[in-house]
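Chain lettering (A, B, C and D) follows the sequence in which the chains are written, and residue indices restart at 1 in each chain.
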Amino acid sequence: MSQIKKRVSAAVFTPNRLEVLTDGVFAIVMTLLVLEISVPEIAQPLLQAELPRRLLELWPKLYSYVLSFIVLGLLWNLHHRSFHSIKRCDSALVWLNIVFLMFIALIPFSTSLLGNYGTEQLSMVIYTSNVLLALVMRLIIWTYATSKNRLVDSDISRRWVKVDKLISIGYSPVFLLVIGISFINVIAAFSILVLLLVIAIVMQLITRRLYQ
Amino acid sequence: MSQIKKRVSAAVFTPNRLEVLTDGVFAIVMTLLVLEISVPEIAQPLLQAELPRRLLELWPKLYSYVLSFIVLGLLWNLHHRSFHSIKRCDSALVWLNIVFLMFIALIPFSTSLLGNYGTEQLSMVIYTSNVLLALVMRLIIWTYATSKNRLVDSDISRRWVKVDKLISIGYSPVFLLVIGISFINVIAAFSILVLLLVIAIVMQLITRRLYQ
Amino acid sequence: MSQIKKRVSAAVFTPNRLEVLTDGVFAIVMTLLVLEISVPEIAQPLLQAELPRRLLELWPKLYSYVLSFIVLGLLWNLHHRSFHSIKRCDSALVWLNIVFLMFIALIPFSTSLLGNYGTEQLSMVIYTSNVLLALVMRLIIWTYATSKNRLVDSDISRRWVKVDKLISIGYSPVFLLVIGISFINVIAAFSILVLLLVIAIVMQLITRRLYQ
Amino acid sequence: MSQIKKRVSAAVFTPNRLEVLTDGVFAIVMTLLVLEISVPEIAQPLLQAELPRRLLELWPKLYSYVLSFIVLGLLWNLHHRSFHSIKRCDSALVWLNIVFLMFIALIPFSTSLLGNYGTEQLSMVIYTSNVLLALVMRLIIWTYATSKNRLVDSDISRRWVKVDKLISIGYSPVFLLVIGISFINVIAAFSILVLLLVIAIVMQLITRRLYQ
């Protein structure tokens, strides 16, 4: 009976609304990114001649749009996978998640900085730090929820928990390296960041298969 | 027992949150479209005389608002119908869906381009390509999920899967034709696009009935 | 067995995602309204003297903010109550609902018009028409879903369906009257509109009790 | 049998959509806050020299961003906890919740005021009043739902209901005190507000444990 009660209570105190809130924030941030790419204002007589050139000038903004969309996809999928295992919710989880969302909601600002002044080293540092802080918050959430099976099912694969944590911990030094390299060469740092994201996506595709 | 376990796991790894994220992006994109139609600024003494004329000038923006709303309705319904059959979720589906959302979130930009410079052939090509790319992504999602019943129930109607695929594949040459015609006559291309959307909506109303 | 199958299929083809999409659009429209009320820009030396006066000047915008929020609350609650009874979903319902959302998403524009040029008769006509069109769409949705119990449970209270329809039909002439009066006196029309909303809210509070 | 029917009806008339609407509004408000922090426009030749200084100038906006994010987190968690116990929904609850959302959706305006003119006493009064009004609405919702177990389960812990109410009632005089102090010293009032938020978060972490 105690078993049943425990289950019922676990079923009731689900992190369901926390997921809806998080999905909402991600959906809005993803969509706000496009507001950065504003249609150029051109006077009618010059329109036909100017439009192609002015649209081409938007490419750094389109570039940072795609980049941030992929970063958000990556972070959303990480959150999605954590919360697939997190079955219960407490106030600490809510607050950790709100701090996570605080960094997610900052991404349009960092993206705008990158889209406008992408060749500046400072933009690169702020953007990379923003993503790194979101990744660190997600690691803290995952560690908090899984330690002593606090908010996850007791039959969770310990191997997966460990693999997941190792991957997340692995990110930090690489991101710090990217920030370090940006002091020497911004373009090189940027290229490594893009490469890193590709590796991260491939890893997500592989580890999901391992887990299942 | 293995059967039961499989079912339970399938029930757990639902694409539910992917749907919430997608609905969120669609809802925001639909609502952001209205921001294009800004209330004209008129000085108080001229107000009564100027307001009707200035509001009438907004009609190309209202026109592209309605057009994009219908396009988004069409795409949302296609997604909705695919995911009615998609019961499981893996990382590849998440990433395909994120690329799909990337093209959906670009629609306010393309719409703004069309609302501002609708008579330009370049605006027409960008807008049509944007919608076409979203349709292609949706076709890829549907093909990936249904091939070998990867993420759909085994009792899914194969005939429906085929009909759905054929319709989606049929869109591409027609959209490419619209882009081709726009090189000759923008207004004609635009009219064909609108006609195409009407046909697509009628088709949705008919095929759903076939399916049920 | 056929009974069971029917039930299962009904459970599957729920209007659940349509509700999420609708809630998303309402949430965004409600929140976008506040963007109309922008903080005045005042130079530092004049700040203390100017700020109170400049904030007071915002009151027509605050007024239309509260008005539109209540209108949206009313429309959301109407939708919420309809969909409490609507258990199944077909393509026609999706498209009727998308047209409904098209009018909902226009409300920030109409509100902005009212907030800027509230004393103009044209603003009043556009705002009232926008709300009326949303109400009419909701009536069409309700009529479509309930006629021959198409998308509702067979044990639905026919009396409630009728009461609900009568109330909705009742709105139209009153709104048309408001538009008519606005040709004579804008302030009078506006006051009647506000009175109407108060009556509508009271009616919602009463009829829910009748229904339960 | 009557017992079962009651339960079924309670299950049906859930406040589920009200929660989705609320989560949507919170998610959007949280994300809109970042739009206040706009990337400075700097001419290319001055870029490297100006960017760090101009970004540092944004700190009051970043500060009010973090503050409002925490305030929204606090209010969301309060709503989340109330609605964990609220199992049924009626029109009065819908309307109380819509008024609650009206104050939530105003927070980007108040935050913008604070971010622009944070040293002005008037900004402080408006911001604090906005948060206080949201808290009061939440207290009214909680009182309405729990009195005579109107919308909550009959096995709800009466002790928790009382503790929750006492905490909420306790907020009001403290917020009024903050407003009072702001007439003497704005910085002192601001510091007390921040301290208050920290205490509120700690309280949430503690009371949840008491309740479980």
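By definition in this document, contacts are C-beta pairs under 8 Å (C-beta built on N, C-alpha and C of every residue); 3 or more make two chains touch, one makes a residue touch a chain.
Every value quoted in this text rests on a predicted model; they were computed, and no experiment measured them.
A.B. asks: Averaging each chain's C-alpha atoms to get its centre, pick out the one most distant from chain D.
C.D. replies: Chain centre farthest from chain D's centre: B.
A.B. asks: What is the size of the turn, to the nearest 5°, that moves the C-alpha atoms of chain B onto the matching ones in chain C?
C.D. replies: About 90 degrees of rotation relates the two copies.
A.B. asks: Which is it for copies chain A and chain D: same residues on both faces, with over half shared, or different residues?
C.D. replies: different
A.B. asks: Round to the nearest whole Å and give the separation of the Cα centres of chain A and chain D.
C.D. replies: Going by mean C-alpha positions, chain A sits 25 Å from chain D.
A.B. asks: Return the distance between the CA-based centres of chain A and chain C, expressed in whole Å.
C.D. replies: So the centre of chain A lies 35 Å away from the centre of chain C.
A.B. asks: Got the chain C residues that touch at least 2 other chains?
C.D. replies: Those would be 20, 23-24, 27-28.
A.B. asks: Mind pulling up the chain A residues that touch chain D in the complex?
C.D. replies: That would be residues 12-13, 17-18, 20-21, 23-25, 27-29, 32, 90-92, 94-95, 98, 101-102, 105-106, 108-109, 112-113, 116-117, 120, 122-123, 126 of chain A.
A.B. asks: Where on chain A is chain B touching in the complex?
C.D. replies: Contact set of chain A toward chain B: 19-20, 23-24, 26-28, 30-31, 33-35, 37-39, 42, 47-48, 51-52, 55, 65-66, 69-70, 73, 76-77, 80, 83-84, 201, 204-205, 208-209, 212.
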